[in-house]
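Remarks on the structure that follows.
So that you can tell them apart, the chains are marked A, B, C and D in the order they are listed, and the count of residues begins at 1 in each.
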Amino acid sequence: MMTAVPISWFLTLSAVLFSLGVAGFLFRRNIITVFMSIELMLNAVNLSFVTFSYQHKEVAGHILTFFVMVVAAAEAAVGLAIILTVFKNRATLNIDDISSMKN
Amino acid sequence: MELWLIPLLPFVGFLINGIFGRRFSKSLVNAVAIGSVVLSFAWVLKTIAGMGDLNSSVTEHYFTWISSGALNIGCDFFVDRLTIVMLLVVTGVGSLIHIYAIGYMAHEGGYYRFFAYLNLFMFFMLVLVLGANYLLLFVGWEGVGLCSYLLIGFYFDKQFATNAGNKAFIVNRIGDFGFSLAMFLIFRNFQSLDFAAVFHQAPGATEQTLTLIGLLLMVGACGKSAQIPLYVWLPDAMAGPTPVSALIHAATMVTAGVYMTARSWVIYTHAPGAMDVIAIIGVATAFFAATIGLAQNDIKKVFAYSTVSQLGYMFIGVGSGAFSAGIWHLVTHAFFKALLFLGAGSVIHACSGEQDIRQMGGLRSKIPITFWTMCCAWVAIAGVPPFSGFFSKDAILLAAYAHSPAIYWIGVFTAGLTAFYVSRAMFLAFFGEYRGHHHPHESPAVMWVPLAVLGALSLAGGFLFNVPEFLKFVFPAVAEPENHTLMYISVAAGFGGILIAAWMYVWQPGMADALVSVFSAPYKLIYNKYFVDEIYDATVVKPVVGGSRLVLWKGIDAGLIDGIVNGVGGQARGVGSVFRLLQSGNIRSYAAWVLAGGVVVIVVMGIAGGLR
Amino acid sequence: MESFLVLSVIKAAIVFAVLMTTLAYLQWVERKVIAHIQVRPGPYRVGPHGLLQPLADVIKLITKEDLLPPYVNKPFYLLAPFLAITMALVSISVIPFGPILHIGPIDIGPLHIPAFETAMQLTDLNIGVLFILAASSMGVYGIALAGWSSNNKYALLGAMRSSAQMISYELPMSLAIASPLLVSNTLSLRKLVESQEGSMLNWNVLHGPFPQIVSFVIFLIAAFAETNRVPFDLPEAENELVAGFHTEYSSMKFASFFMAEYANIITVSIMACLLFLGGWVAPWPAEYGSNFVPPLIFAAAGLIALYHGFNAARKRDSYTFPVFGVVFLLLAGFFLVPMVQGWLLPLFWFVAKTGVVIFAFMWVRGTLPRFRYDQLMGFTWKYLFPVAMLNLLVTAFLVAWTTK
Amino acid sequence: MDVILFLIFAAIAVVCAINVVVQTHPISSALSLVGVMGSLAVLYLLLGAEFIAAAQVIVYAGAIMVLFIFVIMLLNAGAEARKGRSYMVQFLGVPLLIFFLGLAAYFVQRMFPANTMVRFGGFTCAGTQTGESCGGAETVGRALFKTYLLPFEVTSILILIAIVGAIVLARKELES
């Protein structure tokens, strides 16, 4: 028996995932994990894009999600390269130790 | 009829050589460069053959280049008889000089660069000639200026070469400034820059407008065609390789001014004042340059000043209403002056780089082919009938006489001077016994074959191409009195010049030095080119440089602008020192702040009712 | 609804059973093929011609001690083989094995099933190809985790190698898949096959504005690498790193990696068959008698078997070969029954083509030496990828050109 | 049916996401993230976004996360050290986060009344024949290569730049 899902549930789920991503960003120290939390946030946003796309019977949201994926891929490539270099130079992944931008 | 192909071919050559030339072998570079130019020459011929009787001009519209408000400029090409003459000269002489350059540049560095620039020059020159409106002409005009700059400074590792390049470029800017002002004025009065439209409306305009336009155009022409007061760049331009001097600074580019003036004959015929100015400037230039030419010892300098002087002749022609005569002299001059330069190049090549004619002499037996070919140019430029120079120069002088006899007499005297200094150069270089140190050797065939062709042209060019006849329907007919006495006078002047030169430098060697010691003051004057460069330096260059250093740099830039910038920076630092307390260098705290900001935004939007 | 569920369950059961047996026997086939390439009998003892060898292997693997090395990262160590086998098997669920069947009303005593039609396929996604790509890309995790979690440098190196290799070869593979998709203009595997109906000349490998022979070759090469097979079996290069990512695994876990590898082989072979070789389409139409090819083949096989069976020289086969011969002859007859031809013939062609590709896998394994690692990477990035890209471009251009 | 599917996979997603945050070992976080992505892919299917679902698995789970796992394995970084905690973050972050979540949920409920429902296969839009979802490869492709062609090309440039940057960053200096 088909029963439908309120659209707000999807958005709420996306909000929850997003907050979890933020939490990961705030409370984790491992720079890779922080990076992954960013990916989590991106995914949450994608979910809301697709949901809006469904709501408006429009394909634009999908396109946007697609672009977010592409950007995420590029970001991952560069970011991970940066992480590798940082680890090579400082032998640490703790984000609190990488604070040379301070004054 | 695919006019666009004519300029495009050299451009393609430029692209290929410019991009890949570094990796190409010399023969491949040659194939591309010469091939493209010769092909475009062939295409010119085909175009002419396709035009039937050439009385109707052809315009081709390719695309609208600029369209803003009333300004509507298309990329159009345009061919009539005048264009055809120019096309033939540019591509024909250009091809010959390209071929010559193979031999001349054989041992030079930057081989592919040279030919790429040369092709680029051909492209712009053809655009200049083919353009159907002033702006397109201006594009070519600037383009050839650029190429001339690049090629003068070709030996960019030599200081004087780069200086000469800068000089040419800057002096040309002055002329171009006048030209652009003229274009603004034209557009303002005629709401168009197309030749057809402008010339159609021109007769309706008031005379002073036309005079102003004409004068401004003439300023541009003076810059490009090296007329007083802007001729100073041309002699220095000889710092470039000799084929460049021949192609750009003798045969084609410097005649652009004459072409442009002749092209806008409608404007000039309705502005007699401007025409008089042109004629006067022309004759003045012709005379002064000729006198300077008397005392130069660098063979290329001699021919350079002779070029300036001959250009002056052309201006006399167009200035006295004999446009066709001016164009005729343009053509013949292209032949014999290119030949003179190429011959000079061959001589320099033979003496392995020696340019001072006092270090030559007796080369007649050593490099006979060069000698005989140069003789053709000699007799042509000296106005010896029935060779090419005689016809065109005579036509100009006759027209000048009809205009005002004074110009005629100065012109005749200048003709004598011309004959004298060319003969002087020839005698010093080829007669007597060899005074140099190197061992002269004849140039390769690839160099002297073009010489021979040009020689034939400068001998027969006069009655072979009767340009005034050809252009009869383009320009208004000028009353040319069949006055034989005048003709005899000018011829006599020519022979006189030759004879005096022969007397001074062949029959009575040492005579020259004696004369110099007698007339030492005027000799010094002309030897130093009337100190024109020094005068310009003192009156124009130094004040400008000093002023800009003091006012613009020290005052405005360092004082005002930097002051503002630093002030802003200081303020920013002041503000930042407050906010710096937030910067813990801890990324996660930043993130927390970002989150706080986001929350605030959401709250505000909610309160403001944005989230309904 | 329920009928759909029931049907799916039945089909899933059939497919799973067949797949598992195939996996087991594929290994026997491989050993036989390699053996004959190397001129030796191969498995021969367990059962006639070692036919029961797989059974014995399974028993052995199950009964072996399943040891859990110390210092391994336990959860991931246990998760890895599971992941590997799942990702290998899941792609079967979208693969069509034959055309849509029309099953007439069935009355068996009390229960009566009305006439219905069903596809010889578990589900027909209209993005089936993407699904298979996704599954294969997920397969990397199993290997990577296995290598990392078993806390052994050889295993880690093997895992690194194989995952790097799989990722690298996924690009040319996807490009090679994309061009036949362009030609048949669909992402659904069923429609893909239907677009190649007719004869051999309509198969994507020969048909279309631009025959896909190049991408077929590229696909095969990439498939070898994707499945970590010779000549790309760097991950288990014995002489360099003991057994690669599954060094630390034993008994059933090891077996599941093994099964995963063979399942992948089957999947890619089926993909090749569907994408390029026209799936279950006969090489030439039935009116030219393609229907009589399978019976003829089986009959010939049976007769040969009988001949050898009654040949006194071969004592060992004096019982088995006659049996085979009779079975084959019966099969040959079975193919002529019109009622079953509807699903048997397509199935035959499908299996035949897939079998050919799988045989190619074994053939190569028996023939070629192993690449060096830098050669492997250089090959895909410097040659395979550009060629695949070029092929895709040309195909796209020609397709656009011809459809306009 | 749909509700059940949604609830199952939403639950998986949330649990995995929490796992991402709480797990100490990066590899565990990475795998949990893969779980989130997989369940999101299913939810995309539920929303009729077939192509995006496939892309999600192929690109995110199949490529990006593999990259992460690679790096984690290469660096072989163990569980993170519990040191250098910045209290400001703790005290500012937690309440802010809760507040933010509450706000978001509240506004979502307020802005999207429950009458807009999501049905499986309910995602149809102009230009697609009935029965075919709007999120199929065809419609997405059309939109991507017609309406959004320029952004698409720009992203290709972006990818190129990213590749070059990654190589430049990660290559080992030859002179050293």
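To be clear about the criterion, contacts are C-beta pairs under 8 Å (C-beta built on N, C-alpha and C of every residue); 3 or more make two chains touch, one makes a residue touch a chain.
Small disclaimer: the values here were computed from a predicted structure and weren't measured.
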| item | value |
| --- | --- |
| Pair joined by more contacting C-beta pairs (A-B or B-D) | B-D |
| Most widely separated chain from subunit B, with each centre as the mean of CA atoms | C |
| Separation of mean Cα positions, subunit C and subunit B [Å, integer] | 76 |
| Rounded Å distance between subunit B and subunit D, as computed from the means of their C-alpha atoms | 66 |
| CA centroid of subunit A to CA centroid of subunit C, Å | 37 |
| Multi-chain contact sites of subunit B, meaning residues that touch two or more partners | 584, 586, 588, 591-592, 595 |
| Junction residues of subunit C, two or more chains touched | none |
| Overlap residues in subunit A, where contacts from two or more other chains coincide | 22, 26-27, 29, 96 |
| Every chain pair in contact, whichever chains are involved | A-B, A-D, B-D, C-D |
| Complex contact set, residues of subunit C against subunit D | 73, 76, 125-127, 130-131, 133-134, 137-138, 140-141, 144-145, 147-148, 156, 159-160, 163-164, 167, 170, 187 |
| Subunit B - residues contacting subunit D, complex | 584, 586, 588-589, 591-592, 595-596, 598-599, 602-603, 606, 611-612 |
| Residue ranges of subunit D in contact with subunit A within the complex | 1-3, 6, 10, 13-14, 17-18, 20-21, 26, 29-30, 33, 36-37, 40, 43-44, 46-49, 51-52, 55-56, 59-60, 63-64, 67-68, 71-72, 74-75, 77, 80-81, 83-86, 89-90, 93, 97, 100-101, 104-105, 108-109, 112-114, 116-120, 122-126, 134-135, 139-140, 143-144, 147-148, 151, 155, 158-159, 161-163, 165-167, 169-170 |
| Touching residues (chain side subunit A, partner subunit D) in the complex | 1-13, 15-24, 26-30, 32-33, 35-37, 39-40, 43, 46-47, 50-51, 53-55, 57-60, 62-63, 65-67, 69-78, 80-85, 87, 93-94, 96-97 |
| Residues of subunit D that touch subunit B when the two form their complex | 86, 88-89, 92-93, 96-97, 99-100, 103-104, 107, 110-111 |
